[in-house]
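In the two complexes that follow, subunit A is the common piece, with subunit B as its partner first and subunit C second.
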Partner chain A sequence: MAGLTRERRTAYLLGLPAALITAALFLVPLALLFAVSFTGADGFSLSAYARLFGSEHYLWVIGNSLQLALITTLVTLVIAYPASFAIARAKGVWRSLLLGSLLLPLAASVIVKAFAWTILLRSTGIVNNTLIALGLIHEPIRMIFTETALVIGAVNVFLPFMILPIFAVVAQMDERLTEAAATLGAGPVAAFWRVTVPVTLPGVIAGIALVFSLTVSAYVVPTLLIGERYPTLPSTIAKAYLLTNEGSFGAAAGVVLLTIALAVVIVSSRLGKAPGAAR
Partner chain B sequence: MKTAALILSAVLAVAACVFLLAPLVVVVLASFSPTPVFDLPTTGASLRWYGRIANLEGFWPALGLSIEVAAVSTALALVVGTLAAIAAVRGALPYADAFAALLVSPLMMPGLVLGIALLQYFRAVGFDAPLAGLLVAHLIVTLPYVARTMIAGLSRFDFTLIDAALTLGCTWRQAIFKVMVPALAPSFLIAGLFAFLASFDNYPVSIFLTDVRTKTLPIKMLQYIEEAPDPTIAAVSSLILLGTIVLLIIADRAVGLSRMAGTSD
Partner chain C sequence: MPVTSLSRRTLLKASAALAGTVAMPSIVRAAPKEIVIGGPAGAAKYFNESVFPLLKQKLGVTVLYEGTNSLTNLQKMQADKAAPKFSVVIMDDPVMIRAAAEGLIVPMQASAIPNLGKLVPGAVHLDGMWANYQLPWAGIAYNTKSGAPTSWADMWAPSHKGKVIVPSIQNTEGFWNLLIAAHLETGKPLAEAQYDIDAGFRKLKSLVPSLLNVYTNAPQAMNLLEQGEADMIGGQFSAYTLTRKMDGAPVDLAIPKEGGFAMPSGIAKITGGPASDLADAVIDAFLGPDVQQVLATKAVVTPTNLTTPRPAGYPDPATLFAPDWGFVAKERGKWAERWTTELL
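So, the complex of A and B:
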């Protein structure tokens, strides 16, 4: 330590507690989980992974998770992209109202929101009653515990995570860019695709990565809105640990989930840094 | 065409916000339901479900435990995370960027995976103390929020201001408390708010680390909803929501909503 400058020694001391906590409570447990996932009855074994990828049931489960994440990401993107421009342009009271109605649901408990959707979507619930009152349907349709309910709930819970990163880039975008494109002869469509989209792409990529990895990991929303009918990787992990006590199988499912979530984050951060996406 | 696009995006923005707020409004309305079947109070409102909260089995201990775990882990994370953020931003640390990425990386982890990893680990090292385990686990839930927000806040802070204060006759202590602390207070507050809420609302990590006697509020809530959902749960939810709104209003008064939207990416 004698060779260290005073600044560097201070920096080490300041960073040490956080580094120790992250190593002891994050890196080591993850390494152990990884090791456990490769453990069978007698030492090293791939049996947990063989069970996961070798059965139609679990391939279906992985497919369910990916499908839910993909649909939720697409729906939130379609809503969030145009909405972000309006929120970024809004002034004064409107801006506060719009931002407030993004941040309040974001801060509100996921369990509370999912519970609310079980009330909204039940057969005697508000959505059904409204549709009947409008004459769109004649008798209540089954909504809760369907794929539709699941997607509505997931979009509701994860939409702010798509809007906020897109809003952040749109709010910083120089509006004169599109004017310059128009002056230089670009029509509105060309200006949009060749100026607005590339400039806002980093926010879009960040939003997609965030919503996809959050949805693929979601546990509370599928549990309350669709349940056993639509098993996902998270529900499989929870079951393996809480009910059937199959540590190594649960760990393997966890490693697969982790790989999906991390792959999305890593690919998106690469894309975000690609020359075409540079701001 | 430009006007049409603007109007369409404004309509979508308002619709999105209504959609986002809908479940919160519904929970509050249902909590005043006069009947046990979540009718919206069309035939008068009733406060009886609020009176029944106290009868919910295990509610008060769960609420107390959640507040305790969230408060203690957030306080520790604020201290440890802020110090680490200073180390990561000041540049004296080798591989500062990698260090910063490491501190924030648990945020990208699916909560359940973190939960089972900690469960395995605690079992392997023979650590069998539910309350302490929960507190320690929530430290890794809250620390990344603090690290992320404080690193962002500190990288906007101009450290030459401290040198300026020293040149102008401040002592080190004065320079820190009169220049650095006020400039970083908003980030500190946002970091604390998000960390507290993340811990208070955490289900996927806690579920693997609780026993019969130590159950946090989210775990009890999910149990109530699955067992016997009645408007009492809506009343509890409304109270949690009220607490969240109060915290957000305090944060808005202190730092403004735009700033919060910018740092909560």
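So, the complex of A and C:
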């Protein structure tokens, strides 16, 4: 017993520097942010939150952020799930090639990628020209600064964060599991839903948590791809601090943003555990 | 007889004045030789290449330039308030207004900065808190293929639907569209219309659905204009548009019939900053003809010093409208909120 305690004490001591750094760099600033969000002209006040939740405009802003994050997460999931299997099943050079084409763009700045989409999607851009050449449309359609362009850009920027966690799980998956399911009489559809999906679920959950929290807090992508007419929580925070000098309002918007991201991470990890626990 | 006595007095006065002017620069030369100036990153290139060598030559001063955006410099000034690092700061008026309100800049005296008295009307703000050392002029930037707009009302024309960009109220140049919209809606002259911003919001609201974009990032908007994706950018200004034209881009800047505007580029003295005399001398140089001539050609801006010759084709600053910045300062926060909640 005494040995265990000593061991535990050593572990705590060894963990202390990391804990101190975490506290100083993350917990204290978060506590400050939280505290500032509850201040008004004379001390404690809920006015910042009242303004956020009491006006139709800011509810719409919160809705915009949620909508963008939700759609982007769904679209990336639909693309990433099969893509992860393709990469995991690919052999040798193909696998390196696929992984490289996924990872290399991460080195390019998000500003460059967002800017590139405004070039591709403009009325004389390659997308419109291709659609016209194929006879699908007769004159260029307006694509830049639309919600569609925003989702396309966001999916492009955040896709790797969905593929990588799913790929990591799929690459580890024992292929004999589906064979075993087949031996036990499961058809391909049943094997997929009852074996493959549950096994890959932790990767999917991690991907959803990552992409959702990155998208809901994205600033550059919405700013460059749709501008001020689609205000989001991050643009509201920037405006509060840089333009109108309202620290407590910016902090309150930050707390709401953080709460949304945390809620998604917590709920999704709960959901991720549930089916495994039931089995 | 009276003639000789008079000439003696005149001689005395003249020699005193001469001693004064000779002594002043020598005092300045004896003071510290380095000075820190905070200013916009975009100006760093032509400041370093053309303006600072001139200051070195004239005043023997080496300038250490901190080029970043105005709000970052404001934050540095707030943080260093007890022991300022900057002696002089160069910022846009909306940020100057905040700096003045927080006591970070100090009124400049015409006795120490003689060129303050030689500027075009309206170039000195809030009793000398800051002065405009250059005036980029604002109008409508347009793609030369789509033709020059003649009136600000052209932005509302159905033929330009989906092809017009305006700056956000977050950008200094975002104010011009609000002002001109108030003028178009009420028919009042700009000097009166500037106090009727309600009308401006009403008129601008009818433009929003047919806009291509509301920008905060000016280079992106300029790129779309150059590519012909946009026909015009309302409220854009010379230092951005005409420098691109000089580089060969198919863009130009129109001053529509209702008039153009004077963009505020201010210079100010830091409260309690180091090398106070040197700061005065540097500000005086920025407001003087030598530096302003360089700026006029390198940055495509109108000089504010009345003795600086204005390059051909540059508008007369007297014809450009300069708004009541005190009023703008008071109302800007409210407008920013209305811009977000009502307009977009």
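Definition applied: the second predicted complex is superposed on the first by the 250 of 279 C-alpha atoms of A that agree within 3 Å, B and C clash if a C-alpha of one lies under 4 Å from a C-alpha of the other, contacts with A are read in each partner's own complex, and residues count from 1 in each chain.
Basically, a contact is a pair of C-beta atoms (placed from the backbone, for glycine too) under 8 Å apart; a residue touches a chain by one contact, two chains touch by 3 or more.
These numbers come from a predicted model, not from an experiment.
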| item | value |
| --- | --- |
| Clash or fit (per the criteria above) of subunit B with subunit C on subunit A | clash |
| First, second, both or neither for A:242, with subunit B first and subunit C second | both |
| Touching partner for A:57 - first (subunit B), second (subunit C), both, neither | second |
| First, second, both or neither for A:145, with subunit B first and subunit C second | second |
| First (subunit B), second (subunit C), both or neither touched by A:199 | neither |
| First, second, both or neither for A:188, with subunit B first and subunit C second | first |
| Partner chain(s) touched by A:118 [first = subunit B, second = subunit C, both, neither] | both |
| Dominant contact partner of subunit A by residue count, subunit C or subunit B | B |
| Which superposed partner A:228 touches (first subunit B, second subunit C, both, neither) | second |
| Stretch in clash, subunit B with subunit C, out of 80-88, 224-232 or 242-250 | 224-232 |
| On subunit A, the residue positions that both subunit B and subunit C contact, one per complex | 115, 118, 122, 124, 223-224, 242 |
| Interfacial residue positions of subunit C with respect to subunit A in the complex | 71, 98, 162, 168-170, 208, 211-217, 220, 223-224, 227-229, 333, 336-337, 340-341, 344 |
| Subunit A residues within the subunit C interface of the complex | 55, 57, 115, 118, 122-124, 142, 144-145, 223-224, 226-229, 231, 236, 239, 242-245 |
| Residues of subunit A that touch subunit B when the two form their complex | 5, 7-8, 10-12, 14-15, 17-19, 21-22, 25-26, 28-30, 32-33, 36, 79-80, 82-87, 89-90, 95-113, 115-120, 122, 124-126, 156, 159-160, 163-165, 167-168, 188, 206, 210, 213, 216-217, 219-220, 223-224, 234, 237-238, 241-242, 247, 250-251, 254-255, 257-258, 261-262, 265 |
| Subunit A-facing residues of subunit B, complex | 1-2, 5-6, 8-10, 12-14, 16-24, 26-27, 30, 37-38, 40, 80-81, 83-84, 86-88, 90, 92-94, 99, 102-103, 105-106, 108-114, 116-121, 124, 136-137, 139-140, 143, 147, 193, 197, 200-201, 203-204, 207-208, 218, 221-222, 225-226, 229, 233-234, 237, 240-241, 244-245, 247-248, 252, 257-258, 260-262, 264-265 |
